[in-house]
Amino acid sequence: MKKKILSYLGIFIVAIFPLIAYFMPGTKYFLQVSIDILMYTILALSWDMLVRTGQASFAIPGFYGLGAYVAAIFTKTLGFPIIFSIIIALLISSIVAWLLGYLTLRLKGMYFAIATLAFSLILMTLVIQLKDITHGSEGISTITMFAGNKYMIYYLIFITFVIVIGISEYIQRSKYWYSFTAIRTNEQVAKVMGINTVRQKVVMFVISAMIASLIGTYETFIAGFIEPHSVFNLSIGVMALAMVIFGGIYSTIGPIVGAVILKIIDEILSTTIGLGYMIVYGLIIVITILYLPKGVLGIWQKK
Amino acid sequence: MAEKIILETRGITKYFGGLRAVYNISLKLNEKNILAIIGPNGAGKTTTFNLISGVFPVSSGNIIFEGKDITKTNPAERCHLGIGRTFQIMQPFEDMSVLENITTGALFGRHKYSLKEAKQKSLEIAKRFGLFEYKDFVGSKLPLAYRKKLEIARAYATSPKVMLLDEVMEGLNPAEAREMIETIFSLRDEGISIIMIDHIMFTIKELADWVIVMNYGEKLTEGKYDDVVKSKEVIEAYLGKEETC
Amino acid sequence: MNTFIQVLVNGILQSGTYMITTLGLALAVGVVGILNLAHGEFLMVGAFLSIIFYTVFGIDPLISILIVSLLILLLGIGTYKISLKKVLDSAEVNQLLLTFGISIILQNIAVLYSGSKEVMVINPPYRDLSWNIEGIGISFSKTLVFIIALILVITLFYILNNTKVGKSMRAVEQNRYGAYIVGINADRIFKIAFGVSVGLAGLAGVMLSIILYATPFIGFNYTLKAFAIIMMAGMGNLRGILWSSLILGIIESALGTYVPGGTGWSEGIFFFIILIILLVKPEGIFKK
Amino acid sequence: MKKFLQIILTIIVVSMFVSCGKGNKIVMGALIPLSGPGAAVGIGTKEGMDLAVEEINASGGIYGKKIEIIYEDDGNNPKQAIAKVEKLLGKDEVKYLIGGMASGVTIGIADTVKNYKPIMAWIGAASRFAEEKYADADWFFHYHPWEYYNIQSTADFFASTGAKTIAILFEDSAFGSGGSALAIPMFEAKGFKIVVKESFKSGSPNFTPLLTKVKAANPDILYVICYAADVIPLMNAVKELDVNPKLIYPVPPAWPAEFASMPISEYVAQLNFWTPDFPYEETKKFNEKFQKKYGKMPVSYWQPLGYVNIISLAEAIKAVEAELQKEAGKKYSDEEYKQKVIQALANQNLDTPFGKLTFKPSQKIKYQGFTNWLTTQFRKGKLEIVFPTEYKTADLVYPAPKWKDRQN
């Protein structure tokens, strides 16, 4: 019960944050940072939801970039309105994810991770090489959404955030929690218990990919410019993993806590220490994983 | 015997690479019967179970369940039809409590209960198999006898018509074994047909309506317990070895 | 015809780089079971040390290679003792995060060290030595890398299969707790194996400092490719690494020479081959 | 452990909110890469900037006002850069946005910067797309030449050699792709035949397959758009495979310092925006000052460019302050002050290590700083200027001797 109140309070604070930020000097800076934090939170959640089925994926950069590029191409080259480009990006990503999922999801552990990593890198090569469509490494300039109004952007991402939390919590409370946990701990037994493991994993993979791709489309329309080396950046995938493990895996609150803390640490360190701040960042990650193997949330959990 | 056959295999065979694990096994399970498969280690008993439950596809042969050919179905579909099984090496879902393990069976088994019903059901099942006091334990921390019970309870939760029990007696003390025998009888009395793999002869003598003896992946002989144990080949191949060591 | 032979030579020499950068990681992944994302960073530190030894003390890389490998080996053992040991039994993702943290630290220390220098290079006298046989160019230093890689693969293969340490490593690989029971000190074996794994990365770094250069970020790409090659070869299969590297090296070389725009596609094709192999034969194409 | 972390976090958070008072200071916000690939460029820029700040503040600042720079790390990533720009312009309220490196970042922050319209004295970005983004910004001063200037100089130089065929190799990120996309049509327009055009991935280069192809095509000129790291492996492979174009012309933004001393560098020609050997008085002075402060020679043009960035802006501010000094009590509003500084910059005529700095319109923008490029050639470990003829310090060796005809 207390937990419930706390989480509603948390969402409420996130919801009214722009109002608080409005009275701070450098409003838009705090808004922009919170936009980044929310985007990472969503990515981390999407990664966590998939890893609940036991599949640790490196496809996030691939789908993030795919979403970003499809959206950019449809808006810039074909003149589609932003909202349609986003929908098309989601459709295409879901089809790609569905195919990729059926092909790769029977692989386990490292094999799956490397297969999805390969997918991300292959997509990046395609985007760099197919210059006629993608403009290659020079990137594509498009328009920004809401004419760059940070409040509107914030609320769009906030709504997405709430929806993704909803999906994550639904999974935690429904029969999917049972099937995912079963698949993760022992897929063979799960099958014999009547769980259609392939379908469950593929569906989750598609959802996770669509979320990553949606965030990719947001990136396109926040900066109004994308380039392959920053949207297919593997560190997007590694960061999602880091945030999940840092916060606490297999939960809704864990990835959120991880993303918020890591992103804020990153921001604070980079503006205070400057050159070399990443060393401290790395140290914080190492120390946390050594002393809190269950992530920050592990502090509150019973042994 | 004019009893109804619920499950039948016709010459199922399994190769792993060039290795022949199971060859030409045909068996018939009558409704509400208990069929025991015995044989020395490595005889292919567990592989046979894996073929029937769909964990491995057969290399050749057919599996008939309630008159339908289910050879090409996957394990989940076989579970939905009503084939439940336990594993010899107990494999509870480690991140789940005992109750949640059972709930999983109820959720995705033959009846596909809703979450609310499944939770209700799993409480009943936990009580029925004497697991109620352990219901919040994490599966892997249970004592052995209770893990065996959990295996059965979880399979039972899928509402099977046929249960495949893989060495559920192994490692139990006499009192626990007695309890297990009663449990198996009670399952049979409920209308569930059972195939069991076991080594312990007195339980088979007591439980089995029909016994199949396997060796080197093939069926050696079959029949009533008393007939089978008298068979010369069996004494040579199986009893002669197993009993002496 | 000449071009074709040159393409083969180029491919074979390139495969030496792949072998030498993959070997150490294969030991860590296959034996210790540690997914070491920082492998490439240990390699990078090796390359930096080689360059420091050369520029500061005037010691040639071919001499300092032993010192550097040993230093990195000790660094590896130290890293194992204070950190990795604690995550051996944790989930794979925890190991990934821990080694990711280590890689960030090493990378950024290197950034501080190299400062405004974009790239560190050395020029030992044999650096651009090459033979020209019937119009076929063969680089001395790359041939050296290839030969050393080959020797290391064979030696490691021999050690794992024929010596007591190697056999204990394989025993530990197969069953950690079983190994304890038969009296093998698994912790010590892990320590040694991880140290050697990282030491090999350092050695690869020294070789890279001769044929390429060092930057703080040179390692990551090799980590990725090394993981991919290991998966292609099949976990814990050293001979497979040899063949996989050769195949990838030669394909890359042929692609770059014969296909217009081929080099731009080479990384994509590299991972495409690996993806296909994972899908068709997930246990690796060169099963033991 | 927990307590230790808590304390550290508290210190960091507190220090974040205690911002220094502005008072008698001129604050500039520098956006440069300080982590990730690109950090070396950022660090180089910072060295140049720090040198300039030290120099100005040591001589009493600008009429007593000291210069302070807030450095922010753009991580070479457009999205990260947006947040940092919001911090510099929104939270720290700096009036001068300086620095810059990647074109992608410059394009990505354009819309954000336009909300604030600071004085943007920008030393990065060469892409024509970046120029388009700032076409209407009359507060945007661009020091770095646009890439078409260098392609134009290159094409002119190539034409002067009498070469007919060119092989182009370019690295596959924005720098190389953009350069090649411009270069290929421009070269073709000048009547050159492009016999090879290939991209490669900078950072883990394997040049032998590419150069085997180049060797078969046997071009007059081998033109390579690459980064510093690629140059030496490239030249090693050229020698290894005995590739003998009449001229090898790589154009990295900076050279590895060791390259000049390597025998393979002999006869290699390239386009230079700046080298420590430039024949200007200011270049020598800069080298000395730099050497004195850091104990090393500058390694790339980013160091003097960072220096010029500050000096030029400071000169403009000084001119405005001088007006205020003349008439006691006179005050400009913020907007007036800004316009005055813009005016001063626009009229600037400054001697710099790069030669004269003035701002003139380029194809799209109003204030473009440097535009000249010199072609140099390595001769016995030294860079000699060979083109254009008015700056020439040596004659171009063309064609360069074949590898087998060379001494070592």
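A, B, C and D are the chain letters, set down in written order, and residue numbers restart from 1 in every chain.
Rule of thumb we're sticking to: a residue touches a chain if its C-beta (ideal position, glycine included) is under 8 Å from a C-beta of that chain, and two chains touch if they have at least 3 such contacts.
Because the structure is a prediction, the values reported are computed rather than measured.
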- Overlap of the chain A and chain B neighbour lists contains none
- State the chain with the largest centre-to-centre distance from chain D, centres being mean CA positions. B
- Note on the structure: In whole angstrom, the CA-centroid distance of chain B from chain D equals 74
- Query: What is the distance in Å between the mean C-alpha positions of chain B and chain C?
  - Reply: 48
- Note on the structure: Distance between the CA centroids of chain C and chain D (whole Å) is 35
- Message: Using Cα averages as centroids, what's the distance between chain A and chain C in whole Å?
- Response: 31
- Numbers and ranges of chain C residues touching at least 2 other chains: 108, 111, 261, 264, 267
- Note on the structure: Multi-chain contacts in chain B, i.e. residues touching at least two other chains, fall at none
- Note on the structure: Where chain A touches two or more other chains at once, the residues are 128-129, 275, 278, 284
- Item | Pairs of chains satisfying the touch condition | A-B, A-C, A-D, C-D
- Parts of chain C lying in touch with chain D, wherever the complex brings them together: 3, 6-7, 10-11, 13-14, 17, 108, 111, 114-119, 121-123, 127-128, 130, 132, 135, 137-139, 142, 211-213, 215-218, 221-222, 225, 252-258, 260-264, 266-267
- Can you check the complex and tell me which residues of chain D touch chain A? 1-2, 5, 12-13, 15-16, 34-35, 43, 46, 71-73, 76-80, 82-83, 86-87, 90-93, 103-104, 107-108, 110-112, 115, 127, 129, 132-133, 172-174, 176-178, 181, 199
- Message: Taking the touch rule as given, give the residues of chain D at its contact with chain C in the complex, in rising order.
- Response: 35-37, 39-41, 43-44, 47, 172, 197-201, 203-206, 208-210, 212-213, 216, 227-229, 232-233, 235-237, 239-242, 254, 256-259, 261-264, 299-300, 302-303, 404
- Note on the structure: chain A partner, complex, touching residues on chain C are 29, 35, 37, 83, 86-87, 90-94, 96-98, 100-105, 107-109, 111-112, 224, 227-228, 231, 235, 261, 264-265, 267-269, 271-272, 274-275, 278-279, 282
- Task: Would you mind writing out the residues of chain A in touch with chain B in their complex?
- Result: 174-175, 178-179, 181-182, 184-186, 188-197, 250
